[in-house]
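In this document, chain identifiers A, B, C and D correspond to the written order of the chains, with residue numbering beginning at 1 in each.
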Amino acid sequence: MMTEPLQLETGDFYSRHFEKGPREDTLILNMGPQHPSTHGVLRILLELDGEYILRAEPVLGYVHRMHEKMGEVKTCHQYLMNMGRVDYLHALAWNWAHVGAVEKMLGIEVPERAEYIRVITCELNRISSHLLWWGAYLLDLGAFTPILYAFDDREFILDLLQMVTGSRLTYTYNTFGGVVADLPGDFLDGSLAFAKRMRERLPMYKDLVTDNFILRGRVEDIGHIPLEMCVRYGATGPVVRGAGKPYDTRRAEPYSVYDRFDFEIPTSDRDDAFGRYQVRLAEIEQSLRIIEQAVTGIPAGDFLNPKAPKKIKLPVGETYYAVEGARGKIGVYLQGDGGPTPYRVRLRSPTYSNLSLFSEVAGGILLPDAVSILGSLDLVIPEIDR
Amino acid sequence: MNIDPQLTRILVALVAILLFVAANAIVLVYVERKVAGHVQRRPGPYEVGFHGILQPVADAVKLMGKQLVTPGDGDRVIFWIAPLLAFAPVALCLLPITFGPRTYAFDIDLGLVLILAFAGLNVLALCLAGWGSNNKWSLLGAARSVAQNVAYEIPLLVSVLSVALATGSLNLNTITLTQGTWPWQWNWLINPVAFGIYIICAVAETNRAPFDLPEGESELTAGFHTEYSGMGFGLFFMAEYANMLVVASVATVLFLGGWNGPGAPGWWWFLVKMYAVVFFIIMLRWTFPRVRFDQLLNLSWKWLIPLALANLLVVAFIVKL
Amino acid sequence: MGFIRETGNAARGMWSLAVGLKVTGKYFLSPQITCHYPREVLPNMDTFRGHIELIAKPSNPAKSKCIACGSCARACPSGCITVIKKKAEPAPAPEAAGQQDESIPAGQKKKPPKKTAPKEPSLFALDFTTCSLCGQCVQVCPVSALRFSSAINLAGYTREEFHYDLLQRLAEQAEK
Amino acid sequence: MSCPRWIKDLACQCRTECDATTYGKDMNLMPAPEQLRPAAAEFLRHGYFLEDVTGSDMKEGFLILYHFAHFDLPGRYSLMVLVPHEDPRLPTIADIYQGANWHERECYDMYGLIFTDHPNLLPLLLPAETDLHPLVKEEKKRRLLSSVLPLCRFPGIPVEKQTAESTGEDAQ
C-alpha cells in the first residue's frame, strides 16, 4: 500500500519571500539550519544554477535569546553571566566589554594587577578561539585531522583558564573593579610553557595546511572583500585586517593596559579568504607575544578594587565601550536612568556585520566556495542572533 | 548432464572472491578507523571487543537492524537498486586478478578489459542513488559523481594501456611474469608516469580522499547517500571498500609485480603490496582537504589526459625500437 | 613560458602534498595523547566548578555557616536557590510564660519576649537545572557560607534528580 | 577632542559635544528624520563605517541612534533621531550603508519602527508570524529623554527636570 505523501505546504515564510516569480532551471536550496558547515543554526537560502549561486540570503533568528531584553530586566551583576553565552568562543572579551562599559560609566578604577590578569586571560581566550576556527575551517574544506591537532593545543588553554576561572568555555571571570579570583600559583609559568609549546607547533600548522597545494586552491582568490565593502557593511576584525587595513580596537581605541605592550597588527594585502586565514594565524603569534610580555610584567597587588560597589546603580547617561574580540570589534552600549537595571543595553556583535556582506560576496560563486567563504568569516551564530 | 568444468571453477571462484571481499571490507573498515585514530593521536575504536576488534561487526549488526526507509515520493525501485548495483560488479572485477602463480580464478587473455569494463558500472549506481532519493543534495552529489567518473575513466584507461602495450599482452598473468622479482624490475619504476596517473585516477574513481566530492560531507551534507540509512548505506560503504580493493589489486598486478617478490614468490606478496596501496589511499584521506569541483575536472582534462597520452606515445616509441 | 611556470607550481604542489603526508605519518607513529575517560581521569578535575555547596561551621561539621539571610536567593539571576529561615520554637516553656503574666499589671499587657528565631536555614534547596554557575551567590554571601563543589559526574534520568537539598548534602558530608 | 570641520556644520537640529572618557563618544548629532539620509551619506563619503543602529523607547517617542566610527581617525559620532510612538516612521539608509539593512530589520523586529523604502523589511530575528515587539516598554517604565540622556536637546522637547520621585523609584 502506498502511503500518499503529506501535503506539506511548500516552503515557509522566508522561502516564499525568496522566490521571485517562475524560475526556468534554477534550484532554490536551504543551506541550514541543520548543515554541517554553518557552525551552528544559520540558514542560508540559495538560488543555484547548477552549482553556481545566483542569490544568497542568510536567515537568522534560530538561536535568538533576546539578550538585550534580559539586560533591561537583570541588574548589572546578574547580567555578567549572559556575556559568556553571547559568544562562547571568546567569552572573556564579551565579559570585559560589559564590565568595561559599567566601569567607564561609574568611574570605577581597576587595579594594575587586575588589568594584567584580564589581558593575559583574554589573549589566551583569543588564541583558543582562533585555534577552534582553524580546525573548523579545515573541517569545512574536508580535512578531518587538523581539528584534532588544533584541539590538542586548545586543551592546554582550556586547562589554564579552568585553573583560574573554574569553567572551560562560558567564563564569568571579570567583574566590576577587577577579576573574581587571583591567579593560582602555577598559572603564570603554565602560560609561559604553553606559549613555548605553541611556538613549536605553529611550523607544523604551516607544513600540514598553509603550504598545502589543495588548500591553497580551495582558499586563494575567492571571497574578495575589498576595504570599501568593509566600510559599507561595518565589517571589523580579521575581515577588515584581511583587506589590508590595520584596524584593531586595542590600537584604535586603546583600553586597559594594551598600550604598554608592543605587538603589531597583522594585515594581508590580498583581501581574499587566504588573506583572512593568514591574518588569524599571525594574530596567534601576536597574542603569544602579548602574553609573554604581560606575564613577565605583571605587578603584585590586589586583584579586585576593594572600593568597588557591591550594588551597582547605573548613573543617568549613556556610554559605549569597545573591545577587540577574536572576530572583530565588540561594543556594549549602555543607557542608565539611575535605577539598578540599565535602561537599554545594546550589544554590537562583529559577526553580525561580517556576515551581512555575504549575500553581496556570494553572487556567482560555486557552492563549495560559499562554504569556504563562510569558514573564512569565522562565524559564531549565537553572537549573530544574540 | 555434465556441467562444463570451467563453469564450476568460475562459480567456486566467485563465491571465494565474494567471501574474500566481504571479509576484507569488514577488516578495512576497522583498519581505516584505527589509522584515522592513530593519525589523530587517539586510540580509535577501543570499547567493543579487544581494542575494538568487534566494532565493524557491531556496526554491521546495527546497520542491518535499522528500518529500511524510502524517502517520500522518491522512486522506490531506483532507490533500492542503486546499493545493490554498487556492490555487484566488484566480484567480477576481481575474477581475472592473479593472486598467486596458481591461485587465480579465471585465466583469460582479456583480463584487463574485463576489469575496466565493470569498474565503470559503479558510477551508474551513484547516479541512480542520487536521482532516486528525491533530495536536492543527493541530486548535486549524483551530478558530481557522473562528471568525476567520466573525467577520470579516460586517463585510467590510457595509463593502463601504456603498461599493456609495454608488456605486449592484456593477460594479467603474463604481465606479472614479465616483471622480475626485485622491486626495481617492476613496472612502477619502468613506467613511473603511468603509475602516478593510475594512482590519482584510482583514488578519484573510488571517490576517496581529496576527491570525495560526490559525498562531500561538509558541502552536500553527505552527497548521494544522504537519504540512505541502514543496510542501504551499509552496502554503499562496503562497495566503497570493495572498489578500493579492486583498484589496489589492479595496481599491484600492473605496477608492483603481482605475486613476484624477493623471497619465495606467492600470493602473500600480492596481499602485502595490495594492503600497502590501500594504506596509502587511507592515509590520503586523513591528510588532505577536499578539492573543489572545477579543479578536479581541470586536473583530469588539462593535466592527466595529455600526460597519459604523451606517456603512451613515449612507451609506443620505446616499444618500437 | 606559462607552461614551465605551471609545471613548476605543480611540482611544488606535489612536494607540499608529500610534506603533508610526512606530518601525518609522523603523528601516526607517535604515541596517543587522549585520556581513556572511564578508566583514567584527568588530574585537574578539582579546579572545575561543580554546583554550589554549603560550608560547614568549623565548630560543628553538621551545621552550615549560613545565616539564612536570603541575599544569595535574591542575587541569583536564574532564581534557582530557595532558602527558608528556621521558625522560632512555637511554644515557649509554659511556666516561664505564665509566670511573667502575673508580674505585669493587667493594664500594660507586654507581649512575652518571643524566642528569637535561630539564624539557620530549615531548607536550602538548589535547582541545578537552571543554575549557570555564575558565582553571584558565592560572592554576595555576607558570611561566605557557599563555595563551588567539584561534583562533576552528575547524571540523572529526571529533572528532580538535579534539585539538591544542600543541608542534607552537608549532613552526609559530616558523617563521612 | 577636535571634531572634523564637516561634522560641525552637518545639517541637523542640534548637536552636543561629549567627552569620550566617560561617554565613549565624541559628539551626538540630532538630525530630523528627513536630515538623516544626507547626514549618513556625508559620513559614508568621509569613510566612516556604521557600527550599529540602536533603538530606545523614551516617553517622547522612539530614539534611534546610529553610531559611526572610522578605521583610521579616532572618535565615534552618533546620529540620534526621535520618532513619535504613534507613527514610528523614518527613512532607511540601507541603500547608503548596506550594513544597516539587518540593523534596521532588527529595529523593526524589536520596536515596530517602519523604515520607508527598505529593500526587504521582514522580521530578522523574531519568528515571522508573531507580531510582538519585545523591547517596547510599558508606559509606566518609560523615562523622559532628559532623565536618561541629559545631554540631548531636541527642539520642541521641553528640558524640564524629570520629577525626582520617578528617577529614584525602583524600576523592578
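General observations
We take it that contacts are C-beta pairs under 8 Å (C-beta built on N, C-alpha and C of every residue); 3 or more make two chains touch, one makes a residue touch a chain.
A quick note: this is a predicted structure, and the numbers were derived from the prediction, not measured.
Using the contact threshold fixed earlier, the set of chains in contact with both chain A and chain D is empty. One finds 42 Å separating the Cα centroids of chain C and chain D. Rounded to a whole number, the gap between the C-alpha centres of chain A and chain C is 29 angstrom.
Computed centre separation for the pair chain B/chain D is 64 angstrom, with centres defined by C-alpha atoms. Separating the centre of chain B from that of chain C, both taken as means of CA atoms, is a distance of 56 Å. Counting partner chains per residue, chain D shows two or more touched chains at no residue at all.
Looking at chain C, residues 17, 20, 23-24, 27, 33 sit in touch with two or more other chains. Counting partner chains per residue, chain A has residues 145, 149, 152, 208-209, 212, 214 touching two or more of them.
Under the contact rule defined at the top, the touching pairs of chains are A-B, A-C, A-D, B-C. By the touch rule above, chain C contacts chain A in their complex via residues 12-14, 16-17, 19-20, 22-24, 27, 33, 44, 47-49, 75-77, 132-136, 139-140, 148. Contact residues on chain D toward chain A in their complex (touch as defined above): 21-25, 44, 47-52, 54, 56-57, 65, 67, 69, 71-72, 74, 76, 78, 97-99, 101-102, 110, 120, 122-129, 134-135, 137, 143, 147-151, 167-172.
On the chain C side of its complex with chain B, the touching residues are 10, 17, 20-21, 23-25, 27-34, 36. Interface residues of chain A, counted against chain B in their complex, comprise 5-6, 27, 29, 35-37, 50-51, 138-145, 148-149, 152, 208-209, 212, 214-215, 217-218, 366-369, 371. Those residues of chain B lying in contact with chain C across their complex are 35, 37-43, 46, 283-284, 286-288, 303.
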